[in-house]
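These are the structures, in structure tokens.
Each of the next two complexes has chain A plus one more chain, namely chain B in the first and chain C in the second.
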Partner chain A sequence: MSAKNMFLKPGFVRAPLQNGVGRYVCQLQRIVFKFCKSSGGSRGMRDYIEQDLVDFAKVNPGVVVYLKPRRHRSPVVVAEYLNGDRLWMSCHNKTHEEITKWIEVCRTQQGNNEDIRLRKYQYTDYPSVQGPWTPFTFKDPELNNTVLPNTKFGVNNRLPISATEQLRLMFEKQKLYEGDEIKTAE
Partner chain B sequence: MALIRAGLQRLASVFNAGPAGVLSRYITNLSPIENKSVSESTKDVIAECNSLIEKNASRNFAIVHLLGKQWRVTDGDLLVLEGFWPPNIGDKIKLDKVLLAGTKDFSLIGRPVVQPGLVDVTATVISKGLSHTRTHFKKKRRKQYMRINFQRAQQTILRINSVEIASKINEAPNNVQ
Partner chain C sequence: MNMALVRRFVPFLAKAIRIQQTTQAQKIHRWVAPTLMELKRREDKQGGKKFYPRNTFLEWNLEAELYAFGQRLNEEFDSDLLLQAFTDRSYVIKEEMKQKEMDFDIKMKDNKELVEIGESFIGAYIQNYLETVLPKFPMDGVKCIKNHLTSEAVLANISLHLGTKDIILAAEYPVDNFILANTFKAIVGALLDSSGEDRAAHFVRDFVITQLQGQDINEYWPIEDPWAMLTGLLKKDGATVEPRLIGEAGKNTLLACYRVGLYVDKKIISTGFGESIAVAKEMAAREALKKIFGTEDHMKPINFQLDGIPKPSSQSRYQIPAS
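Let's look at the complex of A and B:
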């Protein structure tokens, strides 16, 4: 991990309440829209509330939607999740489309991911099925009974022939042929 | 004649001279122990694997290709996929690019992918959100150059529901007519 994000709290991937094992439960539980009825900063928020909010509430019956008008304060969305996370998001001067997209992100994620840096991108309860690898996996079980050093298991069959060995072979061959010559001379 | 014999013996000694001999390089330690014919033993192995699958003897795992990465998955795993990916929350999907599947006792290795219909990996999309804010900070000393960018990647969390192997190893695949 780089030191770039070290000031964030590190964490691991988790899903609350074994979500998705049996059935899937939407993790967004409550969403509060705070806005002003007159200021320009809330314009996009007001558009969203007028046009899309009722549909949003109909499509997501599991989400409680609150509207909180307040005078001369900038618009804010607060989302609360099943795992207790609370996501506060300023929507000042955001357009209708931007707010639609951010609300969709709030709806689909399972908590507030902002303040946790994931250390691993996978979580498993069973890290190994066939057993972890050791230097002795896939080795000949005969190794267990032999007394080492052993010529059979100590065989150097992994490396190419060394130059010394090649020279020795050539020398032995030469000697053999010399013998042949002597023989023919006989 | 004596000379020939001596020469031959010397040659033989070159080939068989203990651990450093030449022949030792070409003789492997592993030799078939059983005297059964190859095809017969393969049939035995396949039958054994099929029976193991039917008995549901142990947990299955699979290596799945997803978004350019390879993931080792078993039942109940959580995966975090980064980048744009169309499936939405609550969707149940089947992961088809299975590169390898295995249980405790055997592995099925795809070339490159295990035949379709043999291994069934199902998953549910749990969450689609954004990662934490990543800071991209660049600076060159004494060059009046500094850039700072912030970005958040799209993250999809997947729950693996099941990894199942059909007990029909060595049967013809469905996609071949």
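Let's look at the complex of A and C:
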């Protein structure tokens, strides 16, 4: 995380209002296109409005589309979402294709995600169906009917092999090989 | 004028901050704080920060908004009824005062009746739905969940996220939770009148009942004395419950942990753990109650797909004594 991200509002991946559990509601509620009818910076925006906007409005009847022509000012798209977010996007000198893609982004996202730093890429309200851990959670069931003290459960096998033991094993091994050699020599 | 001043100062502010990046210490120019304070003082003198409701903007079309509202939710509303549902009483009073001054009279309807219709429908439907999807849960618990779902805060949150905030006609903005919740009830009332009971029921199911998704429903029903409740329930079936200490760890330390198992006829029904034996016993009783009510941590998720208005069979439910 860079220092820049520290000043973003932290958040989780969440669907607003359990969207999709019942039915899906498009979260974009209205979109305002502000543009100039004559200046070159609005060229792409004007193309979009002429060619694609009517189709967009037809396909998305739940989004209110407003057009706001204004003289000699650069084009802007303002998207408003159901959760109250407002996304302001400059479209100065953007081409028709770029605007089409950005509008698609506005339509499919659930709010203004620009100023949110995701703390994790997953989220749950219900972290466990097993309950919290206790010292008894992973207890060996065999312990239930064992009489203690018991050599099986009391054995200390947690330490690594000692140097003495290692030497002893090496010695045993050596003896074994020597015995073999003697046998083969005969 | 204030805004113009702020706008004039913004480039200076930006410049002031940019200079800081090259130097070590954070230095904000001496004039910044006094200027901002002065601006704040002037703003307060004018009557505080002004809130401009969305429906006072130039780009606002109430008719289009109402149409889109229905389309967005995939519902067909009667347009007059929908407008009525969005009209709060405070707005009508304000309009009538205006009209009196200007000496004319146009009748307006507020959403009071729709709120009442919607409220009773929401209450009855949620009750039926919960009784059907939680067949073993006691009626007291169902009532508590219903009260949670129909509380002002929950309904206002739903209403806000359906986009009513800007469309509501009220005397003052921003609208408060009471008006938001009322508007939601009125919308259900309007839907009931325009599309019938089934559509309204599915609307409530999809937006209100789904709020239980991912929630622990036991938390909505606080049980004061789970041990007494459990023994009372089992006494009816002629069974006696016997608690036994089945594990202890870290005794006489800060991290002590005891485990208590509850037995009926020498068969374990539940276990619970806690920092003392009494707590562990209570937790075990809670676990046992969850098992009886079918609301364990690993219960099947609540069914949010029931069609129509479910009819709860008035089966033998656990009636919990008031004590």
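Here is the rule we use: the second predicted complex is superposed on the first by the 136 of 186 C-alpha atoms of A that agree within 3 Å, B and C clash if a C-alpha of one lies under 4 Å from a C-alpha of the other, contacts with A are read in each partner's own complex, and residues count from 1 in each chain.
By definition in this document, a contact is a pair of C-beta atoms (placed from the backbone, for glycine too) under 8 Å apart; a residue touches a chain by one contact, two chains touch by 3 or more.
All figures in this text were calculated on a predicted structure; none of them were measured in a lab.
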Q: Could you tell me if A:130 is touching chain B, chain C, both of them or neither one (first, second, both, neither)?
A: both
Q. First (chain B), second (chain C), both or neither: which does A:108 touch?
A. first
Q.
Once chain A of both complexes is superposed, is A:165 in touch with chain B (first), chain C (second), both, or neither?
A. first
Q) So, does A:117 touch the first partner chain B, the second partner chain C, both, or neither? A) first
Q. Which partner, chain B or chain C, is in contact with more residues of chain A?
A. B
Q) Who does A:66 touch here: chain B (first), chain C (second), both, or neither? A) second
(Q) Under the stated touch criterion, which partner chain does A:26 make contact with: chain B (first), chain C (second), both, or neither? (A) both
Q.
Quick check on the superposed pair: does A:155 touch chain B, chain C, both, or neither? Answer first, second, both or neither.
A. first
Q: Identify the partner contact of A:98: answer first if only chain B is touched, second if only chain C is, both if each is, neither if none is.
A: neither
Q. Is there a shared patch on chain A that both chain B and chain C touch, and which residues make it up?
A. 21, 26, 124-126, 129-131
(Q) Considering only the defined contacts, which chain A positions touch chain B in the complex? (A) 4-5, 8, 13-15, 19-21, 24, 26-27, 105, 108-111, 113-118, 121-126, 129-131, 140, 151-157, 161, 165, 168-169, 172-173, 175-176, 179-180, 182-183
(Q) With touch defined as at the start, can you tell me which chain A residues reach chain C in the complex? (A) 16-18, 21-23, 25-26, 29-30, 32, 61-64, 66, 68, 80, 82-84, 124-126, 128-131, 134-136, 139
Q. For chain C, which residues count as touching chain A in their complex?
A. 54, 58-61, 64-65, 67-69, 71-74, 157-158, 160-163, 165, 205-207, 209-211, 213-216, 247, 249-250, 257, 259, 273, 297-298, 304
Q | Residues on chain B engaged by chain A in the complex (per definition of touch) | A | 3-4, 6-8, 10-11, 14, 18-20, 22, 24-30, 58-61, 71-74, 76-80, 82, 88-90, 102-104, 107, 124-135, 137, 155, 157, 159, 161
